[in-house]
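You will see subunit A twice below: alongside subunit B first, and alongside subunit C after that.
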Partner chain A sequence: MKNRTQSSANNKIMFKPEYATILIIIFILGLSAIYKPELFTKAVQRRELFQSIMLWLPLIVTVAMGMMMVITTGCIDVSVGSIVGATGMFVGFLFKFYNAPFWVGVLAAIVVGMMAGALNGLFISYFRVNFLVVTLATMNIWRGLAFVITDGVEIGASYMPEQMSLLVLKGPIPGIGIPWIIWIALFFVIITVFFMKYSHFGREVYAVGSNENAAKLRGINVKKVRFVVFTLTGMFSGIAGLLYGARFGFFSPGDTGNGMELIVIASTVIGGVSIMGGRGSIIGVVLGCLLLGMVQTLIPSLGFSSFYNTAIYGLIIIIALIIDRGIKIRQSREVVAKKGVMGE
Partner chain B sequence: MKVTEPILKTKGMTKAFSGVIVLRNVDFNIYPGEIHALIGENGAGKSTLVKILDGALSPTYGEIFLEGQKIKIPNPLVARKLGISLMHQEPQVFPDLDVTENIFAGHTRDNGDLFINWREKRERARELLDLLNLNIDEKASLKGMSIANQQMVEILCALSTNAKVIIMDEPTAVLTLAEVKKLFSIIEKLKEQGKAIVFISHRLDEVKIIASRITVLRDGNKVCERMVENTTKDLMVQLMIGRTLNEQITKEEATVGETLLEVKNLTLPGQFKNVSIKVNRGEIVTIAGLVGAGQTEVACSIFGITPPESGKIFIKGKEEKINNPMEAIRKGLAMVPEDRLQTGLLLPLSVKHNMTLPSLGKISKLTWINFKQENSLVEAYIKRLSIILRNTNQAIAEISGGNQQKIVLSKWLMTQPEIYILDKPTRGIDVGAKAEVYNLINTLAKEGKGVLMISSELEEIVHLSDRAYVMSEGIITAVFERKELSEERIMKAASITKKKVVQSS
Partner chain C sequence: MLKSSNNISSNKDIGSNYGLLLRDFFSSLEITYFILMLIVLTILLITTPNYRNVLYIIKAISRNVEYGLVACMMTIIIIAAMIDLSVAGVMTLSATITGLLYHNAGIPMLGAIVLGLMGGLMLGMINGALIAYLKIPAIIVTIGTLFFYRGVSKIFIGDHSLGHFPDWFNRVDRIYPIKIGNVNIPVTIIGLLVVVIIIFFILKFTSTGRKIYAIGTNETAAKFSGINVKRLKFLLFSLSGLVAGAAGILCMSRLLVVRHDMALGGELDIITIVVLGGTSILGGKGNIIGTLWGWLIVVFVRSGLSVAQIPIEQQLFVIGTLLLLALAIPNIISILREKYLNIKIQKSLKKL
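Moving on to the complex of A and B:
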């Protein structure tokens, strides 16, 4: 009996990062409302702000679903932004020069993204190269290729099939103004929640991140788990590349996905996914994305230069890491305290 | 006792690591429904043997038979599938997952379901928990759970895969007395279910209580296999030690002088309590005890790595506060850590750079190192300690354990400290190198230094120490002066468990 009460008491004191994220979101909204009330009082401005957050959010969330898995296994993938860029440019290239129909674009985004992710996974799992080195290298490779594909020329909306704009303008349910792009991201979130909880693979991802050695002893194929996780992250990034074109109406080798890795990593860490692996809540990650997406949209809306953006993301990552570290230290202290003094 | 065939046995099991034989021709028989204790001194080959059975190591020679059939165990996964489960000394669990998830991690696929049916798994976990009468919530997180309960979760994991043989590597080393009792009742239950249990322990009292059969290993050889009922504790000790005295190890006469290091009532909650130790000039003092009795923790506290919570440290009669290793070094202390690969050496660096690292200040002007001086210093110590190498620029990882240990020692010799704390200085090095290390320790004492050595090897404790403090479960259970020392006495004092301490005090 003692153990049961102990563990439930434990859950109560446990710090939930979701709550903190919600509080910070409210806090930032409050600050902005004080600083520039018209953003919230004038219907047009309010609507604009809301729209730009909600249409940007699906892109981050989609990539973050992959990043969450990668970080849960104790790695990190800094190449996602470039994969978004390269697949986006490739899809745009197919649209422009081959008049490819929409479904070909979707297929290309998925396949190219997966291949890029699999390349990361191959080097990390099977050639045992450090994940940071590998993804840092591929980050540059894909960004470079994004420029090569069209010689650095942007691809505008006029070359894209009609469905691309419909993704943002229309929704599946008539009368409700929620566009396709949001439903797609929501679908990915639900699928990921389900897979992480109920699939064998999802449990193995947590196991590998929680205690790699124990996972090996239990017969879990750690290499395969990491390979698959990176491949899936590539796939999500590829899809986000396509969505980028839909959202902004152009593909640009320099802009598409640029700096997204930082936003996504920040969102994931804020969401309570431990950078040491093993721990992660998907709802927390979605909230983290909301926070980051909001900050990004608010900075120019409040009249600050958007040059501040990247510096602020970096700062947010550091703060989240300090909190993460704090949780770890407190937990290990609790464990020691419970063991008690020997000889008593 | 009815006659049964062993469920698992090894025949002629031999294992050599780079030419050093650690297990020689061992026939080990495990019977169903029986608790079989595997005992022996540190380094006797117990862990090697069970790691072979778990598939973590592959034998050099030898065969394994499961239920009469010859089998091969290439990895732990195969061992699990065959029904052999090894529980490591430190529970190998997933702190971020809950009890049910821990039990089934890695084999959720076994029943062929496409997705995991958590309701069914939780029910199954509950059944297993009830089967052993455990008061653990199947949804409880493993984080912050006591080691004892983590062990239970590991046992449940073994049961969930229908293990036939459960090997426990020193399961009681990290448990409290009450937890040990609980574990024993669980082990009894497993026995009743017909499981074969292999129980490794240094605590002979426990072996007497729980096991029905023992196999004794010594220096990689099987000494005997016999029933526990007609084996006294003293006989077990004899069987475990039982070798001829090594004449090479003996403390040479040295003049004993002033007190160099004295600690009084040192306490670090959860690690050790009220530890008082004295080291005089010219003395070799040992802290004896089984692995995990708290000796290393005491040494780390004295050296400032984990400063004690209460208690006093005197150096040459003056009370000192040592908050970190830097201060300890400045006050004339040096410490050779137990794990030279992890904490004693910088593996990618060369022999030379490893040796001179703590004394760079002495051989440099401003910030520039005098290479000539460095080389001559290194050469001098290599000669003095007869370290064998190709050249001083060789990477430290390439040379043998004994030579590595000598380099760690010489590294500190160069800083010319007065008090040496040596944590198991002869661990994992061969006999020849051991003798040289002993000689060196003797020389230090003769030169008027003080040596505080931690050891679990009875032979070296008895022959080398002027005084031996014996620790068990974080407290000092006995102090022996040189003339009172014997292996039996130390072994007995080291295996005193809490209950007995309470009784005798």
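Moving on to the complex of A and C:
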């Protein structure tokens, strides 16, 4: 236990994954500025680029907050993309066939998302099924349900209440042009920061991730922690499902949230959340999302085909993992050098 | 958790008690899933008249040989307490390599196939190196490489499809070397059975096979008992890449074309197959014959739903539910049994 705290203290002074992410962001920006300077010199193009990054972010950041908690407890949730799709379709269904007002949609998104997450949590912590299999299964269950809800038909913007488009077009502060959707994501980020840093439960999440047995012996209800974390992730995904409709103006059973789990896992891993659990900062995750958002928007604006996206995401995940592993190996070597004991 | 509960039953003196042996036999997951397979088949036979035809069943089975092949390798990897989610990506990319080499580089088909297989092996080796030598967890590495491989294939062929392969290569699954009665058995099914038998012997009777179980049960213990864990892991993932590559090329031969979304989501079907075969996802426990039953369950469910005209996207719902329940129900039973045992122990302690 002592080694561990020691190494994390070293980590704080010597190297933070956030710094690497910031460096990579600057590097990519510089590279693209050299490749195509007019992206940054012309005001219109600069604003467009900034806008598309900013509007892409909220969806990913919202889900990534949940994913960060899940990965911190040592699990992975690959069902988030499908939960986004299914809740989106359900909300759209309510809008289209029942003319539901906006607040009903919000409520439905939160409740359905929470239920989906709770189902994951129930099977993982109380029925003791492996997290990967459960979330792989629910990933397909929710994707299948998204198709069942409307028989595979998309729901367009004309059926949605007016407030949905206002989420993207208008902001709470009249003078500044930052739309609601970004404020919402920011709100979740701040809440999660406080929740993870200062609440009792947040510290329990870290404890479970760094050593499950020790946490159990300390009297932490590990099962409950996992259950709550998965439920919260479901809730965030549900809200992201609603935001998807606001951002893109349609709900589609195949497209809504498709492949989102990959982007979210990538941004979490890039943000320095250790895949073994127990380590991770929210600011790092937000920076990871920013990095991926930049890659996503810069590829087409630099004139490359968007077919490159998937490969680049995969590559970024692999590189981030290797860097993460490198940090760990160096840490354990430092511990060995200082203490003269085996770190791992 | 599951493991500990099963240890309770296996620790008892099995040899002296035939009743217990019989009970263990019937409570083993493999037999449960064999019975499940029979149930699914019976339901299909009763509800859909089309299914009462051996030819149709054989056809349905031969359409899923690729997944069965990959599932065999996946069984071994899951027994060693790891997982390979990148198989569908490897399938696509090695088929893409083969197709591209044939079309763009002018290499004859046979050479292209060999190079495609080598490509699959290389992709598996990348996985293996990251997992075995850099010690990154297999789950996350293979999630990354899954998208990387499929993405590379997307870069190469975009949203086109590559076709027009030589005639001898197309529709390999329509070669029927054996005829039983009036039923022709495709060569692919025979090939799969051969692979299953080989893997059965490797797992059961060779030292490598026993080492795989040892790694799955307790990796640290395996390392201290002198097993070269790293090399074995590397070998397993390389082989998995090779087999997935072969499956991808088979799939290309069956579909006549290769596209970037070939076998999309195949990893779910493959893991479902392995898990329905009674292999424990926690490692150390499993059997290749069980995988055969799991494969047949998935084949029957999929083809049955297709016959019932349920769209392929909505089938995802059924497959997912099946996987979830198949895993949860034995666990719930064992949890209940543990509770029952606890109550029993407490009662007997009170008597003392």
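In this section, the second predicted complex is superposed on the first by the 328 of 344 C-alpha atoms of A that agree within 3 Å, B and C clash if a C-alpha of one lies under 4 Å from a C-alpha of the other, contacts with A are read in each partner's own complex, and residues count from 1 in each chain.
One rule holds in what follows: a contact is a pair of C-beta atoms (placed from the backbone, for glycine too) under 8 Å apart; a residue touches a chain by one contact, two chains touch by 3 or more.
These numbers were taken from a predicted model, which means no experiment stands behind them.
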Contacts of A:138 with subunit B and subunit C, given as first, second, both or neither: second
Which of subunit B and subunit C A:217 touches, first, second, both or neither: first
Partner chain(s) touched by A:285 [first = subunit B, second = subunit C, both, neither]: neither
Which of subunit B and subunit C A:308 touches, first, second, both or neither: second
Partner chain in contact with A:275 - subunit B first, subunit C second, else both or neither: second
First (subunit B), second (subunit C), both or neither touched by A:116: neither
Contacts of A:86 with subunit B and subunit C, given as first, second, both or neither: neither
Parts of subunit B lying in touch with subunit A, wherever the complex brings them together: 75-77, 80, 88, 92-97, 101, 104-109, 115-116, 118, 135-137, 139-141, 143-147, 149, 157, 176, 269-273, 294, 473-475, 498, 501
Complex contact set, residues of subunit A against subunit C: 76, 78, 123, 127-130, 132-134, 136-141, 143-145, 147-148, 152, 253-254, 259, 262, 265-266, 269, 275-276, 305, 307-315, 317-318, 321-322, 324-325
Sites on subunit C touched by subunit A in the complex: 1-2, 83, 130, 134-137, 139-141, 143-152, 154-155, 158-159, 265, 267-268, 271-272, 275, 281-282, 311, 313-321, 323-324, 327-328, 331-332, 335
Subunit B partner contacts - residues on subunit A that touch it in the complex: 1-4, 7-8, 10-11, 197-200, 203-204, 206-207, 209-211, 213-220, 274, 278-279, 331, 334-336, 338-344
